[in-house]
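Below are the C-alpha cells for one structure; questions will follow.
Each chain carries a letter (A, B, C, D, E and F) given by its place in the written order, and its residues are counted from 1.
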Amino acid sequence: MAEETVAVYPGTFDPITNGHIDLIKRALRIFDRLIVAIGENPAKKPLFTLEERLSMVKEAISAFPCRDRIEVESFSGLLVDFAANKGARVIVRGLRAVSDFEYEFQLALMNRRLNRQIETIFLMPGFKWFYISSTIVKEAAKFGGDVSGLVPPNVEEKLREKFRP
Amino acid sequence: MAEETVAVYPGTFDPITNGHIDLIKRALRIFDRLIVAIGENPAKKPLFTLEERLSMVKEAISAFPCRDRIEVESFSGLLVDFAANKGARVIVRGLRAVSDFEYEFQLALMNRRLNRQIETIFLMPGFKWFYISSTIVKEAAKFGGDVSGLVPPNVEEKLREKFRP
Amino acid sequence: MAEETVAVYPGTFDPITNGHIDLIKRALRIFDRLIVAIGENPAKKPLFTLEERLSMVKEAISAFPCRDRIEVESFSGLLVDFAANKGARVIVRGLRAVSDFEYEFQLALMNRRLNRQIETIFLMPGFKWFYISSTIVKEAAKFGGDVSGLVPPNVEEKLREKFRP
Amino acid sequence: MAEETVAVYPGTFDPITNGHIDLIKRALRIFDRLIVAIGENPAKKPLFTLEERLSMVKEAISAFPCRDRIEVESFSGLLVDFAANKGARVIVRGLRAVSDFEYEFQLALMNRRLNRQIETIFLMPGFKWFYISSTIVKEAAKFGGDVSGLVPPNVEEKLREKFRP
Amino acid sequence: MAEETVAVYPGTFDPITNGHIDLIKRALRIFDRLIVAIGENPAKKPLFTLEERLSMVKEAISAFPCRDRIEVESFSGLLVDFAANKGARVIVRGLRAVSDFEYEFQLALMNRRLNRQIETIFLMPGFKWFYISSTIVKEAAKFGGDVSGLVPPNVEEKLREKFRP
Amino acid sequence: MAEETVAVYPGTFDPITNGHIDLIKRALRIFDRLIVAIGENPAKKPLFTLEERLSMVKEAISAFPCRDRIEVESFSGLLVDFAANKGARVIVRGLRAVSDFEYEFQLALMNRRLNRQIETIFLMPGFKWFYISSTIVKEAAKFGGDVSGLVPPNVEEKLREKFRP
C-alpha cells in the first residue's frame, strides 16, 4: 500500500463553524488529502448560498499550514459517486452527540450499500465543539448573540451582515 | 506525507467474533498496518486466558490475504503508551450501538488527553454484526446454543470445549 | 378465548419498503388477521398520493401465501377509532432504532389514553431492515441510487418514474 | 445570601398543558419568584397567536395559591437578555425524555456562553406528564380525541374551537 | 389459524413488581395462554431463591380473573428451547426505558437466530410503572423505604423480612 | 418566602473530581446552603474509605470563597431521610451524558415517592467536565496516566499513593 489516501468530508457548512475546522485538522493528521465537499441541499433551505458557503470555507482555511492538502468543492447528486470520481475511498463524518448517531449510521449504511469500496469513518471533535452546530450558531446570531470564538472571524462578519436589522 | 499509517485496534477479544474480523478487514482497507492489541483486563475476569485469546485471534486471521500487514499483540498499562511505542497514530474502535457511544467517547477523550498525537477513529461493522458481542455469544454458547456463523470455526470449537458439561 | 385476533399495522407507507413487508410477515405469524392501515397524512407532504400508496402496498403483497388474512385500507382521523371500527384490539408497530423509541411510546400512550381496550405491541424487523426507512430510500432514489433489494420491484419502478429527469 | 431568587421558565406554550402547570408548581417550591416567558417563535408556526397563548396561561394559573409569585410575559430576542433584564439568575427547563436531552443541553450551553451569570436547571415533571407534549395534544385534538385531563379546562375549550369542523 | 396462541413472559422476578403484574394483564388480553418463566440466573446473585420467587409470583397472581390461562414455571438453559417445549411461539418482553432497548434487541436477535419460529414482541407497561424496577425497589426497601403500591402485598412483606435488621 | 434554601448534593465522591467541584460552585450560586453528602456505598467497593473521601472533599473545598455556606457529611440509609433531617428541600444532581439520564430519573422518581416535599434538580457541569468521571480518572491513574487538571491537587497525590507500585 502506502499509496495516497484521499478522504471526503461532506456537509452543508451553512456556515462553517470552528467545530468543522477542528475536524478538518484532525482528518489531515490521518489522511494524505482531504476534500471538503459542500452539498447543495436546496431542500434544507440554507441561509447562505452555495457560493457564499464555498467562499467562507475557502477563506477560513486559507492560512492552514497544510492548505495544499485540502480541496474545497461543491457537489450535488450521490455523495458516493462524487467520492469515487475524486478517487476517495474514505468518507469522514464528525460524531458529537448521541442524537447524531443513528441518522449518521443510516446514511453510512446506505452509502456502503451504494458503493462497497468506500468506507465511512467517524471522528470526534474537540470536546469544546461537541455542542456547537451551524443551527445553534445561526439562532444565536439572529438575535444579536455574540458568536465570536464559535466560528471563524470571516463567518462572524458574514452572519452579522445577514442579520443586520 | 504518504508515509506508512499504523493503527491499533484494541479490545479484550474474549473471544474474537466475526464482528471483530469484519472490522479488521475494514481497517486494513484504510490503514497500511494494523496492530490487534489484546488487553489483559484481569478486572473483567475474562473467560479465556490471555494466551488463549492471543492464539484464537492469530488462528482466526491466519488465512487473510493481507495477513502480513497485521500484527497481534497483548498489552497492559495505558493504551496510548502502547500505541506510541508501536509508532501508531490512530486507534480504531467499532461503533455498533448507541449504548456503546458515550463510554467510547469518554475513553477516546481521556486517551486524547493522555496523548494528543494519537487520534481515535470509529468504524461501523457490517450491519449483520451490529448486535453481536463477545458477551452475548458466550451466554448463548454456555447453554449449548449454536453460535456457528457468529465466531470463526476455531473459536466455536474452543467455546464448546469450555462449556462441555 | 381462542377467538380471532385482529391487528392493525398503521403507517404512511410512502412508499412501502422491504422492511414493512418483513414486519407484515412477522405479524401474520402472531395474529389471525392483519389490517395494513395507510394514513393520509397530508401534513407530511408524501411523495406518493394516497391512491398510489394503496395500490403499491396491494401489489407488493399480492403473491403472499396468507394474502387472504391481510386487508389494505386507508384511514384518516384517530387511529384508535379506525381500529375499534374494524374490531381490532392490537396496534402493531415496528421498532428499529433508539430514535424511534420515545416518539413511538408517546404515540402509544396517547392511543392507550384514547381507547384503553386497544393495546400497542412492538415487533422487531429482521436486522437487515433496521436502517432502512422510506425517507432514506427516497433520498437515494432521487439521485439515481440503486434501491433494488430495499423495496419491492413494483415500488422500485414507481420511484424511477417519479424521479425520472 | 437569602436575597430573593428569580427564575424564568421559557417555552412556546402552544398551548400550555398540565405538564407545564405541574412544572410551574414545582419551580415555585424552590424559587421565590417565577416568570413564565412565552417565546414568540414565529418560525415554529404556532397554532395559537401570542396573545391567545398569553391569555391561556394567565387564565390557567389564575387560581393558584401562590399566583402573586408568578409573572407571565412574552419575549422575543435572546432569552438570556430577557432573563437579565428581569433580574433572574436561573432558567428552568423541564426534562421528560431522552430525546429532549441533547437539544436542551446544546441550548443551555449556548445560553451559558452568552451570559455566564445565568444558570440553567432542569426539573422533572410528575411521571404522568412525561409523555405529554403540546404537539401530541394538538394531534389528538385535531381529530376529535378527548384531551381533558391533559390540558387545563380553558385550553381544552380553545382547542375545540380551533378544530371545530 | 384461530388455534391457541401461547406466549412466554421470561424474567428473573427478583422480586415480582406491580410493573410485572401490569404486563401480565396486558399480555393476557392478546394471547390465549401465558407462561411466566422465571430464570434461575445464579450469575445475577438474586436476593430471593428460585423457590421464593416462584411462590411470590404464584401468590401475587392467585386472585386474577384469568388465573387459569397463566402458568408459572422456572427454567434454566436456553429460553427458546424452553418456549419451544411449551408450544409457545411468542416471547413477551416489557419495554420501559431507552436504556433497556438495545440490550433487549440484542437478546431478541440472538433468540431469533437460535429459533426462527419464535417471535419476540414488546409491550409497554402502564406509565406509572415505567420507572419501577426490581433493583430500585430492593434498594429502597433495604434502607426501610416504603414500597407499598410498587409491589404486591405479599412481596412487600417478604422484602421486610429479608431486610429486617 | 425568601427563607433560606438548603440543597443536598449526594454522591460517592470516590474520589472528588474537578467536575464535582464545578457543580458545587454552580449550586452555591442558586442555593443559600449546600450539603455535600458522601454515601457510604460499601456495595460499590469504593477505592477510598469513607474517611479518606470525607477528608479529600473537605480539603478540596477548603479555600472556596463561600466555604461557610458548604457542609460536608457522610450518610447511610435513605437519602431523602438524610435530606429531611438536615432541613433540605432540594437534591442536586449533575447531568452529563445521556447514559446518566434514565438511571437518574428512576432514582429521582423513587426519591419523590419516598418524600414528596423534596425536589430533585439537575445541573449541567461545565462542558469540559462532561466526559470526566471518578471511574475513568481511576482507570487512567491506575496505569500511571497523568490526571492533573482533572482532580484537585490533593486528590492527585492520594491517587498516586494508592497506585504506587
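Here, contacts are C-beta pairs under 8 Å (C-beta built on N, C-alpha and C of every residue); 3 or more make two chains touch, one makes a residue touch a chain.
Please read all numbers here as calculations on a predicted model, not as lab measurements.
With steps allowed only between chains in touch, the distance from chain A over to chain E comes to 2. Interface comparison, A-C versus D-F: the pair with the greater number of contacting C-beta pairs is D-F.
Residues touching across the chain D and chain E pair largely coincide in numbering: over half of the numbers involved belong to both copies. Note that among the pairs A-D, D-E or D-F, A-D reproduces the E-F interface, with over half of its contact pairs the same by residue number. With each centre defined as the average position of its C-alpha atoms, the distance from chain C to chain F rounds to 48 Å.
In terms of their C-alpha centroids, the spacing between chain C and chain E amounts to 30 Å. Separating the centre of chain B from that of chain F, both taken as means of CA atoms, is a distance of 35 Å. Residues of chain C in contact with at least two other chains: 98-99, 102, 105, 109, 127, 131. Going by the touch rule set out above, the chain pairs that meet are A-B, A-C, A-D, A-F, B-C, B-E, B-F, C-D, C-E, D-E, D-F, E-F. In the complex of the two chains, the chain E residues touching chain C come out as 1-5, 26, 29-30, 32, 69, 89-90, 95, 98, 101-102, 105, 108-109, 112, 119-124, 127. Interface residues of chain D, counted against chain A in their complex, comprise 76-78, 81, 99, 102-103, 105-107, 109-110, 113-114. Per the touch definition, chain B reaches chain C in the complex via residues 98, 127-128, 130-131. Partner chain E is touched in their complex by these residues of chain B: 97-99, 131, 133, 136, 139-140, 143-146, 150.
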